[in-house]
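Structures follow.
Look for subunit A in each of the two complexes below; its partner is subunit B in the first and subunit C in the second.
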Partner chain A sequence: MVAWDLADFRLYLPVLGAVLILQGAGFALGMGLLFSKMPEAAAVFLVTGAPVMNLITAGLIFEPQVVAEQRIRGSYEFLQSLPVPRSAAALAWYTVALGTALPAVALTLVTGEARYHLNLTVTPMVVPAMLLTCLTGVLLGLAIAHGITVPMAAMLASTTLIFVMFGFSPVAFPAAQLPGWLAAVNQWLPFGSMATIVRAALANGVASGVPRAYLVVAAWAAGSALVVAWAQGHRR
Partner chain B sequence: MNVRRGVRYWAASYAAMLRFDLAAQRNWLPMFALMQILFGAGMAIIYGFYIGRLSRDAALFIVSGAPALAVLTAGLIGVVMMVTERQQAGTWDFIWSLPTPRSAAVASTFTVFTLLAVPGIIATLALAAWRYGLTLTVSPMAVPALLLSSLMATSVGFASALLIARPLVTNAIVNALIFVVLIFSPVQFPISRLPLWLADVHRVLPIYYLGQVLRASVTQGLVSNLVLSYAVVAAWTVAAWAGTAWVVARRR
Partner chain C sequence: MDGDGLFRTDSVTKVYPNGIRANDGISLHVAPGEVYGLLGPNGAGKTTLVKQVIGLLKPTSGRITLGAHDLVADPAAARQLCSYLPQAQVPIDSFRAREAIVLCGRVRGGGRASVERRADELIEALDLGEWRNKRGLGLSGGVKRLVGFAMVTVCPGRLVILDEPTNDVDPLRRRLLWEQVRQVGDQGAVVLLVTHNVLEAEKAVDRLAVIDNGRVIAEGTPSAMKARDRGRLRLQLMIAPGRDAPALPPFALRSTLVGRNMMTVIAEGDAAVGIKWAEQVIAAGAAEEYALSATSLEDAYLELTGHNSGVDWGLRGIGG
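On to the complex of A and B.
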């Protein structure tokens, strides 16, 4: 299935890779322009938050769009009928998503560090944090893609999520800068917590409530996996 | 054969095409306004989250930049999507085959989209001002500023989509552009913060000047190069018309 995905997306993947680089490195550079002088704390948040967007964009946004397109073209039923365990297909997609995201993550971190003269301290916890974040993004995307059967609604849901992730979640800025109610809502949404676990592995002393964040992200992953299993497991 | 021409015939064709365009866009209208508000007011609010504590001056800069984002969204995304959709469906071939002057058809499309963008722009400005608790000083120049910027964005979006003529390429370019426009344009921050080469690029492109024209109409003392800004925006409008005329006048 990895080979299938690579062949199926051979035109898209380079574009997706370019978009991710723009989204990560470009974003880290561009948002700095909003500040007349970038405070170091803000720079740390920005540079450690942008990789999270890299990690989940392929899974959360790209996959639902692709599946919606498959449904419109009618190739969805064909793919579902292939004699491949659906879990293997999901795992294959996870591999491809991770492979596309990681170069962008590295580039984002290097660019951000150079631009804002930061010294990030990467700990081994970066491995589980990034793997879990990417996995949750993929599972959420699969849940949207397979759980919402109307293609337009699925596309709309994934587009809305980009906006929520980028603008209304404390991913690349501190939660304290959101209005209180929105910060409270974000305690239970996955994006802020993803940022917390990734940030904790990249910089010392900026992230708090890390164990809780792991639980929130894992809960979203498990919940999404259940939705995917349900949507794919029953006969039509 | 009797070829119909003359001002009166042109005016009648224009009126008929206006009815056609309005009827054709009625489903699309709410989406159009929603998109503008999302990108205009939404971005203005989001930038505030990123910056954190905003001084009144910084907030004023962001609020007065918001309408430019709404205008650019309408022109770059809305108009381009409409044009490419019609290219894919073959609607343009139908429109060009109608017994109306092609200039009347184009003029009607420009009129409709220029005016359609206005409610979204005003809503964006109102929402952004409300979010930051600002009172704006709206000058009478707001009317020409709004109409000219909206006309420019419509014309440039329309001309580019027609000139590129391949819907897939156009869509890819637009998607890349939105990002660049939203993040690297000196609309939400002073142009002096850009690296010099990028600032020079923006002294040729219309985005910065469009922002200045709109900002000057709702604030006082923030914009100094207003005449130049109007001139550049007008020049881009005329250039877009020339491009459109070149494409539309060709026989197929």
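On to the complex of A and C.
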């Protein structure tokens, strides 16, 4: 199924990769224009948050749009009729999404580090943190794609979540900058916790509550997986 | 092979949550090697039945089995055992034609060498060579349809479901496609052919069922279906543009108007008087031409359903 996905999306994956680079590196560099000299603490948050956006976006945006288009064109049922275990199809898409996001992640980190003269300390925990973050983004995307059967509603839902991630979640800025109630809500939402686990693996001393963040992200991954399993197994 | 390999639906009923009864007690049985037609007008319930067979919908009641496999209880087995060509185009925009066929065969569990060999055979048999390495995005609807057929049959399941396989396909390649449909059956698969195209179905299927309003209203071989019109002829009249259909002559047994095409069934013994009447209508300027021919499955279908077989044509039944 990985070969199928790579062939199916070969016209779009380079574009998605470029968009992710623009999103990550562009966001990290562009925000710097707001300051004559970016404070180091802000730069660390920005540069360690932008790759998280890459990892989330790859899974959250593309799949709902692809599935919505399949539903509109009538090819969704053909693909669902193929004798492929749903878990294998999800794993294949996860592999493709991860492969598309990682180059953007690397470029974003290198660019941001060079631009703001940072000295990030990457630990081995970056592997599980990024794998789990991308997995959760993919599962959220799959849950929306298969759980919301109205194509336009699915596309709107994924786009809305991207805006929530950008503007209302402590991904590229500290949670303390948010109003108290929104910070409290974000304790239970996935995006801030995703940023926490990735940031903890990239920079010393800037992330707190890491074990809890892992639990929150894992819970969202598990919950999304249940929704995907229900949506794909449920027959009207 | 487990069980008898028969495909059976037993009293399959599907009632949607909004109360629409899409299938109402449909019972069919099709043997391996048979090409079985499901005919019926739009909204008859054919697609709903197919979606229940491949595990995308669940019957409200009834059983669907293939050999010893209960396809309702085990939708994963249904996906493994059934190959499905939907009415919509297969999603191959990014694929090259041969690549799509091979990948589909691989996804269906075929070995690389055998799938590649079979893909090349199908490309040859369907005369698709000139598009072998072209991307789906640049293919015409008819060629895409043929590639879709090859994707579905390169490594066929034991039940092959083809929903309007000849849509958009040119007449020459339609023949090639029908030959391949027959071969799929000859290789032992049950072939379920869903179509509006009665004339093509007449030549392609071994048996067929006519479905209307969710029920099987007739079933049998094409010859048995036509038996009701034995000793009768079809008198076809092309009405002149802007003119009303002529009044039915007293010897007409039944008549249907499809667009400007007026099809009247008459007794063989009325052939001479029918020709005379048609020539009078043409002389009066109400019609442009006429044809007298043997009745076809389409005449039986029209009588059964009161519908036309064309998807987009207007219809006014005026008799029968």
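Following the convention adopted for this analysis, the second predicted complex is superposed on the first by the 235 of 236 C-alpha atoms of A that agree within 3 Å, B and C clash if a C-alpha of one lies under 4 Å from a C-alpha of the other, contacts with A are read in each partner's own complex, and residues count from 1 in each chain.
As a working rule, a contact is a pair of C-beta atoms (placed from the backbone, for glycine too) under 8 Å apart; a residue touches a chain by one contact, two chains touch by 3 or more.
Source: prediction; values computed, not measured.
**Student:** Judging by the criteria at the top, classify the pair subunit B and subunit C on subunit A as clash or fit.
**Tutor:** Result for subunit B and subunit C: fit.
**Student:** Between subunit B (first) and subunit C (second), which does A:Y116 come into contact with in this model arrangement: first, second, both, or neither?
**Tutor:** Neither partner.
**Student:** For A:F9, select first, second, both or neither according to whether it touches subunit B, subunit C, the two together, or no partner.
**Tutor:** Once the two structures are laid over each other on A, A:F9 reaches subunit C alone.
**Student:** With both complexes superposed on chain A, which partner does A:E77 reach: first (subunit B), second (subunit C), both or neither?
**Tutor:** second
**Student:** For A:Y214, select first, second, both or neither according to whether it touches subunit B, subunit C, the two together, or no partner.
**Tutor:** neither
**Student:** Between subunit B (first) and subunit C (second), which, if any, makes contact with A:Y94: first, second, both or neither?
**Tutor:** Neither subunit B nor subunit C is touched by A:Y94.
**Student:** Quick one: smallest Cα-Cα gap between subunit B and subunit C in the superposed arrangement, Å?
**Tutor:** 14
**Student:** In the complex of these two chains, what residues of subunit A are touching subunit C?
**Tutor:** The touching residues are 1, 3-4, 7-12, 70, 73-75, 77-85, 233, 235-236.
**Student:** Enumerate the contact residues on subunit A facing subunit B in the complex.
**Tutor:** Within the complex, subunit A touches subunit B at residues 15, 22-23, 26-27, 30-31, 33-36, 42, 46, 163, 166-168, 172-174, 177-178.
**Student:** Where on subunit C does subunit A make contact in their complex?
**Tutor:** So the residues of subunit C in touch with subunit A come to 16-17, 51, 54-58, 75-76, 79-80, 82, 84-91, 93-95, 99-100, 103-104, 106-109, 137, 157.
**Student:** Spell out the residues on subunit B that touch subunit A in their complex, using ranges where they run on.
**Tutor:** It comes out as residues 38, 42-43, 45-47, 49-52, 172, 176, 179, 183-184, 188-189, 193-194.
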